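Heads up, the next two complexes both have subunit A, just with different partners, subunit B and then subunit C.
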Partner chain A sequence: MTILDTRPSTPVAGAGGRPRTRRLSRSSDRPAVRIAAWLSVVVLGAFAFAPVYWLLVTSLTPHSAVFTYPPTWFPANPTFDAYRELAQNPALFTYLRNSVVVSAVTAVLSVVVSASTAYSFSKFRYRGRRSLMYLVLASQMFPQALLLVTLYAVFAAYGLLNTYTALVLSFTTFTLPLCVWMLKGFFDTIPDELVEAAKVDGASRMRTFLTIVLPLAAPGLVAAGLFAFVRGWNDFIFALTLAGPARQTLPPGLVNTFVGEAATAWPELMAASLVVSLPVSAAFIVLQKYLVGGLTAGAVKG
Partner chain B sequence: MTMTDRRRPSRIGNTLGDRAFGVLLTLPGLALLGAVVLYPLVAALVTAFFEQSLLTPGRTFVGLDNVTAVLGDDFLALLRQTLVFTVGSTLVPFVVGFALALALNTRLKGTRTLRGLFLIPWLVPGVVVSFLWMWIFNANYGVLNALLEGMGLIDAPQAWLSKPGTAMLAVVVAKSWQSFPWMMVMLLAGLQTVPGELHEAAEIDGAGTIRRFFSITVPHLSGIIGLVVLLEFIWNFQHFDIIYVLTGGGPAGTTQTFATAVYETAFRGYDLGKAGALGLLWMVLLMGLVVVYIRFTERGEAR
Partner chain C sequence: MSQMFQNTELTRRRVLQLFGAGAGVAAVAACAPSAPSSTPTSAAGDPTSAEPTMAPPEDFSFASWSLAEDAPKAVIQANLDAFAADSGITITPASYPYNEYLNQLILQVQGGQFSGAAQLDIAWLATLASLGKLVDLADLAEGRGYTASALAAGTFDGVQYGLPWTAAAIGLVANSEVLGRVGATEIPETIEDFEALLRELKALGGGLIPYAASTKVAQLKDVQVWMQTFGSKLVENGEVTIGDDASVAALTWYKKLYDEGLVAPDVDRFDARSLFAQGTVGLYDDAPAGRPAVLKASPDTELGSKLLPGARPVVASGDTPRAQAWGHTVVVVDGPGADTAAQFVQWLTSDEDVVVDYFTQLGLPPTTDAGLASSEVAADAFIAAFTEKITATASPSPFWVFPNYGQIDSAINEKVQAALIGQQDPATALAQAREAAQGLIG
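Then we have the complex of A and B:
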């Protein structure tokens, strides 16, 4: 599995135009350096992967064997019971449906709304442009807990609590700045000459944007949309507060289902955790080509 | 290295019509952003000056009463805890991520695959990170207790998450586990822009590995190091998910940070005025960081 090639894939990442400089000095062949490198990979690898291993093992452990101490490092009688349990819980399917609907609508809305803003930031020059760009950048750093105070009150006043609308609108608070900056990076890679040529050929500004620039930026639109989907999928605080069980997404749904019970059903919780994490990982494998370009392009975090 | 915004004047946006069109294009995005981010932020900060409940409509102006109440209310403990969490969850992933980036930038076999695999902790949703570490730190059946006992490091199982002395440590470990891959990816991308020729020349001049690390690699990466540390710091300063699910701010409020405190005050205590006052103080500190970040970004662009 090669999730990413850390070489910046688009000129977005500043260093993009330069030839690959990963000329390794001969010192990487020195035994001391090699040993140090291997040691860090092994020790830090244990920190990174032991929890993942434990998640997998617990999800395969029968109920009767979970509550023993010390735990068994390998499951003696691995079983898919926990996964079967999950499949029989209708509430989880409601959360799943909500997650898919809200994340997908958020992704589409964010890309549609942010595309023209990003195009403007990338290709047009006017007074106040830089200030607006930095306002958008800064807006994703405003505390969510604080925005929530007003959003809750406003949604309550308009009877929007417990609706998909409330969740989608609240998710755009973080997906919109993300998409604007990501898409600006993609538009930056489209040569100005192309836009000028369209102008010379008599295409209107709007037509140039819709029929020439947008199709060229299609991979960027998809990447930004997937990124927005993932961020929506992972959200916890907004869905926890703005929706009840009928409209809640998986993260708060799982907390409500499993946490705080007298005896937590650990195998089920670990199995559910694994299942929730899969779409995100899949999205990133699709995204890999754009991941590092997008990441290093600025304040983008998944 | 950051956002490319080529300084040359774009030839597209020169005429008045182009400029007007450009401004027009920003409107849908900016209007939505204004409605869902800027207005809510300002309105939340304004509640700092009112006595206002989440449950009943109406409010009374009380001036700075909420702010003084919050400041008199163990504010320093809250600030200290927020800083401990923020600094810890920035430095630990930085060290882990940098070490891995350096190790994976060598000619070892399998580094390409490992780079991908090491991203897993970062891809997992925040609540899943919490569930996983909640189980690992579990007082009765937790695997960490078994491991440490087996190694003879502790005498008896510890209740990591419900003891004031260890709860914050546990939260920082969980958050660091989630963040280090991002640090690794960013630093690795930076490392690959360090010209190999520089290292070779320095080696010929007799500079050792450590010497070259500090006099070539680190200076070359200073920009990206500053950027990742600053961004991670800003994000941690307002992080909510992992703390809330793992400890809920407890035990006895020892893992409470600004994010969880504002949430608790507004949605458990229904006291919007006090939540707004906390938010106001929080924003003042945060804006300082954001201004530094934007300066930093502008400098990067000018390069």
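Then we have the complex of A and C:
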């Protein structure tokens, strides 16, 4: 019977007298495993990026060749006509500006409100805390469309239709629950002893929250902010219903412009989709480490 | 220490109580009715009135999905600008994507957020009219030369709510070059010959779809026209007749085409246009509004000359071919500016220069006798043939008179598809469809 030696590797004297540590071989060192891993990465990456590539190809394809069968991976006669159309359509820049404003304000508001709420859930103990937590979670189960008619009536009564306020408030409504839960998980990882130590040193609750807890929770705040930003950026039905032409954001704006009664302007739609996704993609690339950290915070106890 | 903690707990409780009370007050306030509209809403209101009106023109809004689309946008905006300049007013445009247009317009009209003129698909008239906010335009329709069938499309419950903007039908359009490969020069008259043509086209191979009929659930309403072709009335005196022998025979025939590969699975109107544009389809169903989209998407610069509209085949020679009416109408939602909006609608839909220019730019047939008789319209061979062979015998869907016709269509379409894909036999599927549709009608 072979007894598996689980002792850590022991130093072995080498030719020069210096101890050499004998490495235990790992399965990942085997060529077959590495090849399989890289193959999986390539396949999954192709699966993820193929639609993006197709989006780019379609944006460079003339209208008459979009539905050519069999399809070609490289357009025979690439053209920038679709991008030229975009540049000549001033309405698209209005949609882009509206999307940036609404999404950014939604992200900030969501982070501010959800951070306060999550901190309360995480660090305070009071009657009704658990009920409130589950209430916040339960609100996530309502289909957004169900809230739309009610919100429309409320905003109409208060004269808020066709304003940034209506969009920001409605977007914040459905991003808050998940932001709260995301940040609560993050705040749970911050030791209570830190908060107690600050209290002992004479810091008020607000000071403790602002100067000690929030900086430690920066990755979580960034993750929640990014999540709220993307939710606001991608929303269609609320933006279509609550915003007029002057406040329309990109999703309804693009559909309104390029999806018609009889046909869809696919090259222009793909070009516009590619262009407007660049800011969000850039933000993700810059902030991705915070996003991963924020999403996995609290996943492992202790 | 514990007392401080108790005080804190009480304070928090008080805060929560106050918060709850505040939320309740806000909820009650939100339930308050919205600001009343400035004018009484009456479907019988007559914006023109018999007595001469000295009221100055007022600003109004114009809702149209076409205002967002590249081709029609410039034409419609020019008309808005011309009328606004002539009247010294401002017309505020409002636009929503076609697929979301009706829902958005209903929300706006019900909420009192919209008044003025609005473009409508003729299928949507009953749904919007049922809100009770549309104005009767009968007086404005008199003496303007609208065709009887076009006017009928803008009528609901005996009231002329809409003035017709364009009218045609959804009918069969063939590729004459593809038909020519099997020696056919026109769409056959009878269903038997039509089937034979489809089999000959199928035999050409090369991935050619003989008939790009609608087989996606959302567009299976086209089957209803085939049911009418086979003799079903669909609805009679408020009773749904789907499930009768004629409709079962129609669906059985349609399923036969599906099983033999003479129609393709999972095809809707957009798909059919794209496939037809690529020259891989023999025939498909469309309205004249689809022509520009097909020609733009086609690498064949001569496709326009190959478009061959034709009457839907009939069961027996001599029967009247069936087609579903198609068109746009413009209604007026009561409120500030409704009178001026009504004058605009009359001008937009019946002024000869305006309607002929609309046709010249967009290929959408006018709805007035003068417009149809104009040299520009008469010179368009495709429209002339379409009007003669298809539009002449077109009729609206009998389900359009119900405000919830969309739900009725969906209920029927789902059962039709169940039969197409073999989940149910046609008779059982249509019996269930009848039951579902009747339940929605009441």
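One rule holds for everything that comes next: the second predicted complex is superposed on the first by the 210 of 302 C-alpha atoms of A that agree within 3 Å, B and C clash if a C-alpha of one lies under 4 Å from a C-alpha of the other, contacts with A are read in each partner's own complex, and residues count from 1 in each chain.
Note that in this section contacts are C-beta pairs under 8 Å (C-beta built on N, C-alpha and C of every residue); 3 or more make two chains touch, one makes a residue touch a chain.
This structure is a prediction, so every number in the text was calculated from the model and none was measured.
Of the two partner chains, subunit C is the only one that A:L161 touches; subunit B does not reach it. Of the two partner chains placed by superposition, subunit B and subunit C are both touched by A:Y126.
By the touch criterion stated above, A:L44 is placed in contact with subunit B alone, subunit C being left untouched.
Set against each other, subunit B and subunit C differ in how many residues of subunit A they touch, and the higher count belongs to B.
Contact with subunit C, but none with subunit B, is seen for A:G244 once the two complexes are overlaid on the shared chain. When both complexes are overlaid on chain A, the residue A:V149 reaches subunit B and subunit C alike.
By the touch criterion defined above, A:G225 reaches neither subunit B nor subunit C.
In the superposition on chain A, contact of A:N256 is made with subunit C only, not with subunit B. Legend: residue contacts after superposition of the two complexes on their common chain; A:S64 is shown touching subunit C, with no touch to subunit B. Within the superposed three-chain model, A:P267 lies out of touch with both subunit B and subunit C [touch as defined at top]. Within subunit A, the residues touched by subunit B in the first complex and by subunit C in the second are 66-69, 126, 149, 152-154, 241, 252, 255, 259. For subunit A in complex with subunit C, the residues that touch the partner chain are 63-69, 126-128, 149, 152-154, 156-157, 161, 240-241, 244-245, 252, 255-257, 259-265. Those residues of subunit B that touch subunit A in the complex are listed here as 1-6, 9-14, 17-19, 21-30, 32-33, 36-41, 43-45, 47, 54, 96, 99-100, 102-108, 112-128, 131-136, 140-141, 143, 145-146, 149-150, 157, 177, 180-182, 185-186, 188-189, 192-197, 199-200, 203, 209, 212, 231, 234-235, 238, 240-241, 244-245, 258-260, 262-263, 266-267, 272, 275-276, 279, 282-283, 286, 289-290, 293-294, 297, 300. The touching residues of subunit C, counted against subunit A in their complex, run 9, 12-13, 16, 29-30, 32-35, 65-66, 68-70, 93-100, 104, 107, 111-113, 207, 270, 273-275, 277-278, 280, 289-290, 292-293, 296-299.
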